[in-house]
Amino acid sequence: MALSLQLRDVQIERGGRSLFSPITATIGAGTLVYVRGANGAGKTSLLRALAGLAASSAGEIRWGVSGETASASVATSFVGHANAMNDALTVLENLSYAAALAGQAYQPVRIGHALDQLGVFKLALRRVGTLSQGQRKRAALARLLLRETPGSRAWLLDEPFVALDVDTQKLLEQLIANELRAGAIVLLSSHQSFSIASPQLTEIAL
Amino acid sequence: MARTEQQSNDRFQGRWFWRYASPAAFYPVAGRIEKIGWFLAITLAIIGLYIGFFRAPTDAQQGEVYRVIYIHVPAAWMAMIIYLAMAFWSATGLVLGTRLSFMMSHALAPTGAIMAVIALWTGALWGRPTWGTYWVWDARLTSTLILFFLYVGYMALAASFDDKKKGDRASALIALVGAVNVPIIYFSVNWWNTLHQGSSVRPGSSSMASIMLTAMLIMTFAFWAYCVAAAMHRLRTQIIERESGAQWVKELVK
Amino acid sequence: MTLKQKRLALILGGLILLAGATTLVLTALKDNLAFFFTPSQIKANEAPINRTFRIGGMVETGSVKRDGVNVSFKVTDTAQVVNVTYTGILPDLFREGKGVVAQGKLDTNGVFRAKEVLAKHDENYMPPEAASAVEKANKAREGATKTLKY
Amino acid sequence: MSLRLAASAVFRREFQLFARRKSDWANPLMFFVIVCSLFPFAVGSETERLRGIGVGVIFVGALLAALLTLPRLFDEDARDGSLDLLLNSNEPLAMLVLARVAALSIGIGAPLILATPLFSLLYALPSDVALVLALAVALAVPTLLLVGAIAAALLVTARGGAILTAVLVLPLTIPTLIFGAGAASKVLYGESPFAELSLQAAYLLFALALSPLAASAALKISTD
Amino acid sequence: MIWESWSAFWAMGGRGFFVWGSYGALLIAILAELIVLRGARKKALESVDEFPR
């Protein structure tokens, strides 16, 4: 289940002009990629394009799973600024919806375990509308841990440390490190400083 | 997902038509077409109106009021044809990803809407003396009205996006949805109310006096030429707007 | 199922839906298509009493009587005749011997009280619907064995 | 089968939301009730006049009520980010959109359909008309929502969404309006509504075949 | 010439209002479109000027 990512002359346009000069990169399993850039440099756009949520204006993005080309929807999990959770539903309902769309049958145990790892197991049956920003973020991050086996999906994290307290940031750094060790690719953008132990480290500067 | 222009460009490399699919290359061509269009529109309109008003006799049924036909029917035809052309360029744009196709579609819409308005207005003024009412909810008037709504929707949608590219593709999609629905709407409105005169012009057997028909066909070509010219003018304006950063546009302004 | 099979299934499903739609349209078209009643139908008591509907046919020659704004005339499909009364200004194309469509109600005496009179003209100087009504009435007179269904 | 899994999850989620937020289906119903109650004040309460306008008023009222719910399809999801989950699913987006529209049709449509016979009585329409009118509304609401899904998907991120949605959608619902109201009127005048109803059903099938595809393409355009 | 006089031409057999109302509306619509077209072109060219050369 080795993940790989190839970028060839990837460009993204917004409002008729290119956001950054073409990116070419080959990223292998177990790599942490730090997407760096000023405000408006196109970090979010790039991550969304990598997640298959937007089209690149030129070039090619190719995800590989075990050497074969795979669609972004199979190869990645994306957590952006928004939490992708409906306020009226409970954390458990939101997460099982996400899991079902990702092609997994209802597995409350796995969801419970994911929530437990982020320390929000007790919130499973609370409605998202009643949670604090930090709790929501943690619950949203639990979506990353719903993958089939550790390391089977690339994580695309847009500003994951926003709204997290110091302890939770440490926890997330630990989770990312574990995932990388299991063979995942993690791409993240952040304005906060962080420290993640990683076998390989690359930077994409926009 | 629509292909980007560059990708399609690779695919069509070397084909002659591709050269003109770029706005910069088409700009001078559009200018030439526009000039021919204005010339034809004015010439044909003069000839058509001369025949229509000074050569064609009074209609036995309707008296002089029938002379509205020389603008009413061409306007109604153009309103429909322009919508089809719009849908065609929209589809081309979505499939090939060419910017010019979307611009063509945008350039056509306002003229098409104006044609629909003219058809409705002249239809109302014609209807009062002949049918006894300005407006009847009959099949053709109603479907022209709906066609006008479709134009309005298209233009409103195109205008509501700040991102031009997004607006292009969104409005192209709605133009296609509209084009698919137009026959159905037409059929349903027909079903609902069939009270209108049968079409007087049919290929092969026409029941109109040939001189009236001649005048009307000449006027139709005049309208056609006018619409092409107006659309080309608008297209050129759009090219200038959208390519205002490009060097060749700057040189054009100098 | 692979992606390709899924896509194929989707297209197939769409085509089945479209085929269903076509079938429904065709069955609907076989159903009653009459947009107005002909004098023959009215005489055969097929038209409702005291309800707005349309009557179509030809204005019988010599039947138009004017009394100020009140007009009465007869509408015929050559087989049967219905008396029509109307108050108001008639349109230009209203002529004796020409096609007409009137909207209104039938009173208990069998007189059609028109609220609206619409003249029609086309290449045949008769609305196609009225023309076909005339034609049907002619056929009905010719062959009594033929049963006609509107 | 993972398509069934995903589609049923989308479907179930809509009903979870309907259960949590009653206003989602109660507000359109209230709108419908109030619109239908207003007309007699405007045109007078003679039985014959009410009967004349009843079918049209009820039908248009139901369509407008359904139209009001269109922003619910994608707007909230786009704000809170759950739309990304839908877009990022490996299953065909058209089918997921269809599942969502189906759930909305049932959740919004059922109350409207149930209220229709009631209002038919208030407008002095006979019971057979009431029944056919309810059937026509049942065919029209899903059609409007299917066509509307395209506009709603296009306008997820655009300015002035709600009004523009109406401008785009209403002309396209004219066929179902004509046939649906026509069917009820036919029954009122003692004729068979079969032709009109089958044409209405045909338009629904047509929309069912094409609009999920168009709506999913629209979603991809507007969220790109 | 089928018209007896210019006044007969303008009267259009008593239907002058409808005929000339139609043609007048067409003329106004076309003039309005042309004015808008010219205005849009002028604005587009001016906006190009604003870009630094």
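The chains carry the letters A, B, C, D and E, assigned in the order they are written, with residues numbered from 1 in each.
The rule we apply is simple: a contact is a pair of C-beta atoms (placed from the backbone, for glycine too) under 8 Å apart; a residue touches a chain by one contact, two chains touch by 3 or more.
Source: prediction; values computed, not measured.
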item	value
Reaching subunit E from subunit D through chains that touch each other, fewest steps	2
Chains contacting each of subunit C and subunit E, listed by label	B
Remotest chain, subunit B as reference, centres from CA atoms	A
Between B-D and B-C, the pair with more C-beta contacts	B-D
Between subunit C and subunit D, centroid-to-centroid distance (C-alpha), Å	33
Between subunit B and subunit A, distance of the C-alpha-averaged centres to the nearest whole Å	48
Between subunit E and subunit A, distance of the C-alpha-averaged centres to the nearest whole Å	60
Mean-CA-position distance for subunit D and subunit A (Å)	37
Touching two or more other chains - residue numbers and ranges from subunit B	1, 63, 65, 129, 162
Multi-chain contact sites of subunit A, meaning residues that touch two or more partners	55
Residue numbers of subunit E (touch at least two other chains)	none
Contact set on subunit D toward subunit A in their complex	2, 5-6, 8-10, 13, 16-17, 20-21, 76-77, 79-82, 84-91, 96, 223-224
Parts of subunit C lying in touch with subunit D, wherever the complex brings them together	1, 6-7, 10, 13-15, 17-18, 20-22, 24-25, 27-29, 31-33, 48, 51, 53
Residue numbers on subunit B that touch subunit C, as the complex places them	61-63, 65, 129-133, 136, 193-198, 200, 207
Touching residues on subunit A, where the partner in the complex is subunit D	51-55, 71-74, 76, 78, 80-89, 93-94, 96-98, 100-105, 127
Interface residues, subunit D side, partner subunit C - complex	1, 3, 91-92, 94-95, 189-192, 194-196, 198-199, 201-203, 205-206, 208-210, 213
